[in-house]
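Please go over the structures that come below.
In what follows, chain A forms one complex with chain B and a second complex with chain C.
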Partner chain A sequence: MAIKKFAVAAYDDEAVLFPAVSKVRHSGYKLHDIYTPFAVHGLDVAMGHKDTDLHIAGFIYGMCGTSTAVGFISWIYCSDWLQNYGGKPHFALPAWIPVTFELTVLFAAVGMVLTFCYLNQIMPGVKKHVFHPRQSDDMFVVALELNDHVSEQEVIKFLQSTGAKETSIQKAEASWWYGRWDKKEEYEALNA
Partner chain B sequence: MHIKYESFVREPLVDGNKDYHQVSEDIISPIERKPGRMWYVGFFFALCLLAFGIFSVSWSVYWGLGTWGVNRTIGWGWDITNFVWWVGIGHAGTLISAILLLFRQGWRTGVNRAAEAMTIFAVMCAGQFPIWHMGRVWDAMWVLPLPNSRGPLWPNFDSPLLWDVFAISTYFTVSLLFWYSGLIPDFALIRDRAKTNFRKMMYGLTSFGWTGTAKNWQRHEALSLVLAGLSTPLVLSVHTIVSFDFATSVIPGWHTTIFPPYFVAGAVFSGFAMVNTLLVITRKILHLEEYITIGHLEAMNKVIVLTGSIVGIAYLTELFISWYSQSWGEMAAFQWRILGPYWWSYWAMMTCNVVSPQLFWVKKLRRNIPFTFVMSIVVNIGMWFERFVIIVTSTYRDWVPGSWAYYSPTWPEVGFYLGTFGLFFTCYFLFAKYFPVIAVAEIKFVLKTSGDNYKRAMAPLEEKTGEAFVELVNSHHHEDEHAAVAHH
Partner chain C sequence: MNDRFEIPARLRNTGMMLLGVGVLTLICGIAILLMGHDSSDTDKSRFWAVLLHNSVFFTFITGVSIFVQAAVNLAQGAWLTAYRRVPEAIGANAWIFGVITAIVTCAIIFGFRDSTGHNPIYPWVTPGTDKILLGKKAFLNPGMFIGFTVATVALWGFFGNKFRSLSIAQESAPHNDTKIYWKVFRLSGLFLIVYGLSQMSTIPWLWVMSVQAHWYSTLFSWYNFASAFVSGMSLILLWVVYLKNQGNLGLVTKEHMHDLAKFMFAFTVFWTYLWFAQYMLIWYANIPDETVYFKMRQQGPYSVVFYANFIINFVMPFIILMSRPSKRNYFTVTFIAMLIIFGHWLDFYQMIMPGAVGEHWHINWYEIGTFMGFAGLMILLVSKTLTKSSLVPNNHLMLKETVVHIA
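For the complex of A and B:
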């Protein structure tokens, strides 16, 4: 557990959010993250994130599926258990296309979803701090990480100047932990 | 500043005066309320059907498949008919969520969640039939290539029946993953607004701890797009492979190259009909008429008339080719289909699938809800008969006239079929109560371009000339750039 101090600003419109993100990035404050209720296109670029490589992982998983299918079936038919179906060749590739295709898709999909969960650090039983109860509803929430040298009043004043509807200072766990969502965490008392 | 603009030619996808919060309220609040009496009655009825199905299947397993009406001439009866029927229904969800995503069809956002749920439940029902049809179900796991002490002896990878095992199980898994990855953000929404501890705990678990950071959403979009790309050929492959169960055999009436596209079109046809059946009721009971609009139903009816016509052409092509082949086996098979003792199933199929959907060329009927509902059921009756016609009326008169036979189902077969309705609706009722039946995050994503109130706010723009409009958009872009430069 690493409890840190955050300045939190909640915006109610993407049109206000984008210029605000630009101002935050040029202000010198440390941008922790931005939480949105849905995929806001261009926000990753505005924050300076690189594009994800998840699809490349998906391609690799798919190739694993292809080679598993072709390797396994050809091992069975050409080496492990030879069978003669009406004199047809043992290595009957066209007949294996359906199974090969299905395993390609299966490996790619399962592998990508597991990678997605790993990269996002999500799993049943995982708990993370929610900065604003409406960040999954209609608020776009920007969290800035503060150190002891930053004046709280100044950062709040700055966030309000960017058009934030609500602002607050919160102490919170920065990462994830195992926990139940119906239980209050100890650190939450610090915010009261 | 972004101008979100979509022409008035396109109907709004969300009616009424909505903002983001109102969307959450409208879709999530039914989950937080106690369900109405209709829900309990329906759920109880579904459970009764399920119980009867379990009893019928237990009876069949205990006494053996001799309790069924299938015989040595007609080896596949209601069981495989129902299998193909349910798998076909299970095609609409992934078609809507994957193919329409790739084609950028905005209207899919209103219906994709429920359609995908329907897909998953339908595939669950479908899977029951081949499994219990095995008779000795305790050996069912040997369809998988498991190590064993008999050689090892592996399944036949050259057999369409084994391809089916892989196709159906992959389809189920991928559809489930696609559906669930879309549900995670919506579960997080329910969790964050939950008032009761139990709901916080349960939706905390099911939401996997999702918080919706920019990076989370970026990966979510990448995942959805790639899963859509994978599911698109997958959905086509599944019914293609189901059609191989028949097409790779040498039985007149089955041995045709037209089967794969014809089966896929039929699957989409029946799947969209089932989506309409469910959504007409769901939107009414959960008061979601503003999200699943008449425009949505009309779009699906258009797909129904298209795929119904493709199916109709396939039927006629089959007849033509059987005559053109001048093979007496082929010609006799189709003659008996139309005029033999099973004539009623052929004509039921033709009426329900080819003739009646043509009424959807009339716009008034496409937008008529009671008519849509009745037609959705008619289509699924027709598609059930199609599978029955293909399976039973191709086999009942085989090469040896002495073994010609007639087939009628017995009560355990009928009970099994009813039982899958029980399974399907039990799942659907639970889904409608505990899951967001519309993808909330996706609706919010299209709200500002396709919401009624946002579109109406664009009315002054519509009055302007094309040049003036372009100038306006450009000036907004410049403002954007100026703002960026100023910050540097």
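For the complex of A and C:
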């Protein structure tokens, strides 16, 4: 949660974007993120993203669901409220498997959706800074994170050399926040 | 690229050796039955039931290859195209195992009676005064049995060979010509109907379930299909890995192997789902007519096979294949494929044997030798078919898509 300085470049062509991303990564500038109107296949690989551990999280959520189901049902039927159902043993595991299975799936699914939202910083009511209004329309927007030692002119010149149609320097909140767009005035003051 | 397959001497020798062991086992089995003075009814049942078990198992797992092609053609999937010659070669030979099964079942129906004049493997052949068997006579009779068997074997043979010959004809067709593609597409739809009426319903009822003719389960055929499908996929995977080790199938990458391994993993879970659905409903309702099936398997002499079946076919593949790296590792997938084929062989064993030989079960030289014989026959037939055409489906419309395929 910090205000940082960004160099923003907007591209209008996928064929220009991919070599540009490669050049940015080789140049040593810190790539913050790329915003595209649609899912671009292979962009995650080009950006150097590794596979997340979402599936391991899913496994752990599933195990939580399994143990919740088995633990809760066995507590009810073996300890808290003993009843005789059709002469079956109290610990009637086969009869519980469907419920256990469903709870495993439910925990894994809901947990993975929430984790996915967290990793991608999307959630109802969550706001993020929009670097370029056309990033959800027809432009591919690349944001580089800058520190104080980088020359702004050099970055802009570099980005233009990679084929960017529009470039700008912005100071903005790097992360997400919950609430309203109340940082707008703050930005305008910063970027003025 | 090495797109022709020539049978290496080692594979031919292995196949010949396995087939030789199988033939020797069969001769020994017959000799012991004929010469042994103390050969009881159970020994005779065992002789026929093992032949039935292995021929049914190999018919099912090779027939799966035809189904996989049909399903993938209909879904217009490209992941199979890189190694489609392998399921084509396996599927084109399924009818041979079907013919063997037809011969074995006919021999059992017409030629096998125990000392009391009954047929211990297919009791509905000699119903006597048994009311339940007489009530099922409209379906369970030799005419019905032979009719469905012959129709199934003939249709599987037709479609298995047709898919293969059309796929090879595409190689010499004009570039990007879609005529054969859509023809195969329509035939695939037809084959799914054939398959649904054979493997997914009538054939397992007749070949396998009627061994315990008093008992029935409505999802039995579906469960048989799941069992066959997962081991059929493993069989395809073993052939693909073998051909890759020989330096063929250069187009096949880890992405394609990953897809096959995903199918093995997913249908392992599907098999367990059906296995458990059948088990749990019978366990819960606890009706003696139905529980008789599991009495002998779970609590009786077969309990070792019953639990081994569950561990080998569900627990081990499920845990080992769960993570992504293990699905992309040639060693783990090969190991699991062998394990699954053995496990489902055991699964079919415990479906057939309790009804046929009762508590006197053995997994001994005769069972293993027969399995080796069938495996050798399969190796020889499939490798022979593979040599007859290019291993790369040149000019196939999905070829480009399959090269860039990512799992």
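We take it that the second predicted complex is superposed on the first by the 174 of 192 C-alpha atoms of A that agree within 3 Å, B and C clash if a C-alpha of one lies under 4 Å from a C-alpha of the other, contacts with A are read in each partner's own complex, and residues count from 1 in each chain.
Here is the rule we go by: a contact is a pair of C-beta atoms (placed from the backbone, for glycine too) under 8 Å apart; a residue touches a chain by one contact, two chains touch by 3 or more.
These numbers were taken from a predicted model, which means no experiment stands behind them.
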Identify whether chain B and chain C fit side by side or clash on chain A in the overlaid structures. fit
Could you look at A:A95 and tell me whether it touches chain B, chain C, both or neither (first, second, both, neither)? both
After the superposition on chain A, what is the angle at the C-alpha centre of chain A formed with the C-alpha centres of chain B and chain C, rounded to the nearest 10 degrees? 50
Looking at A:A174 after the superposition, I want to know if it touches chain B, chain C, both of them or none. Which is it: first, second, both, neither? neither
With the two structures laid over each other on chain A, which partner does A:C64 touch: chain B (first), chain C (second), both, or neither? neither
Regarding the shared-chain residue A:L103, is it in contact with chain B (first), chain C (second), both, or neither? first
Touch check for A:H55: first (chain B), second (chain C), both, or neither? both
First (chain B), second (chain C), both or neither touched by A:K127: first
After lining up the shared chain so the two structures overlap, which partner does A:G86 touch, if you call chain B first and chain C second: first, second, both or neither? second
For A:F116, using the defined touch cut-off, is the partner it touches chain B, chain C, both, or neither? Pick first, second, both or neither. first
Nearest Cα pair across chain B and chain C, whole Å: 5
Intersection of chain A interface sets (partners chain B, chain C): 51, 55, 95, 98
Once bound in the complex, which stretches of chain B touch chain A? 1-2, 19-21, 24, 145, 151-154, 157-158, 160, 162-163, 166-167, 170, 173-174, 177-178, 181, 184-185, 188-189, 191-193, 197-198, 200-201, 203-206, 208-223, 225-227, 230-231, 233-234, 237, 241, 244, 440-442, 444-445, 483-484, 487-488
Where on chain A does chain B make contact in their complex? 14-15, 18-19, 22-23, 26, 33-40, 43-44, 47, 49, 51-52, 54-55, 58, 62, 72-73, 76-77, 80-81, 85, 92, 95-96, 98-99, 101-103, 105-106, 108-110, 112-113, 116-117, 119-130, 133-138, 176, 180-182
Sites on chain A touched by chain C in the complex: 51, 55, 59, 86-88, 94-95, 97-98
If we count contacts the way the header does, which residues on chain C are in touch with chain A in the complex? 276, 279-280, 283-284, 286, 322, 324
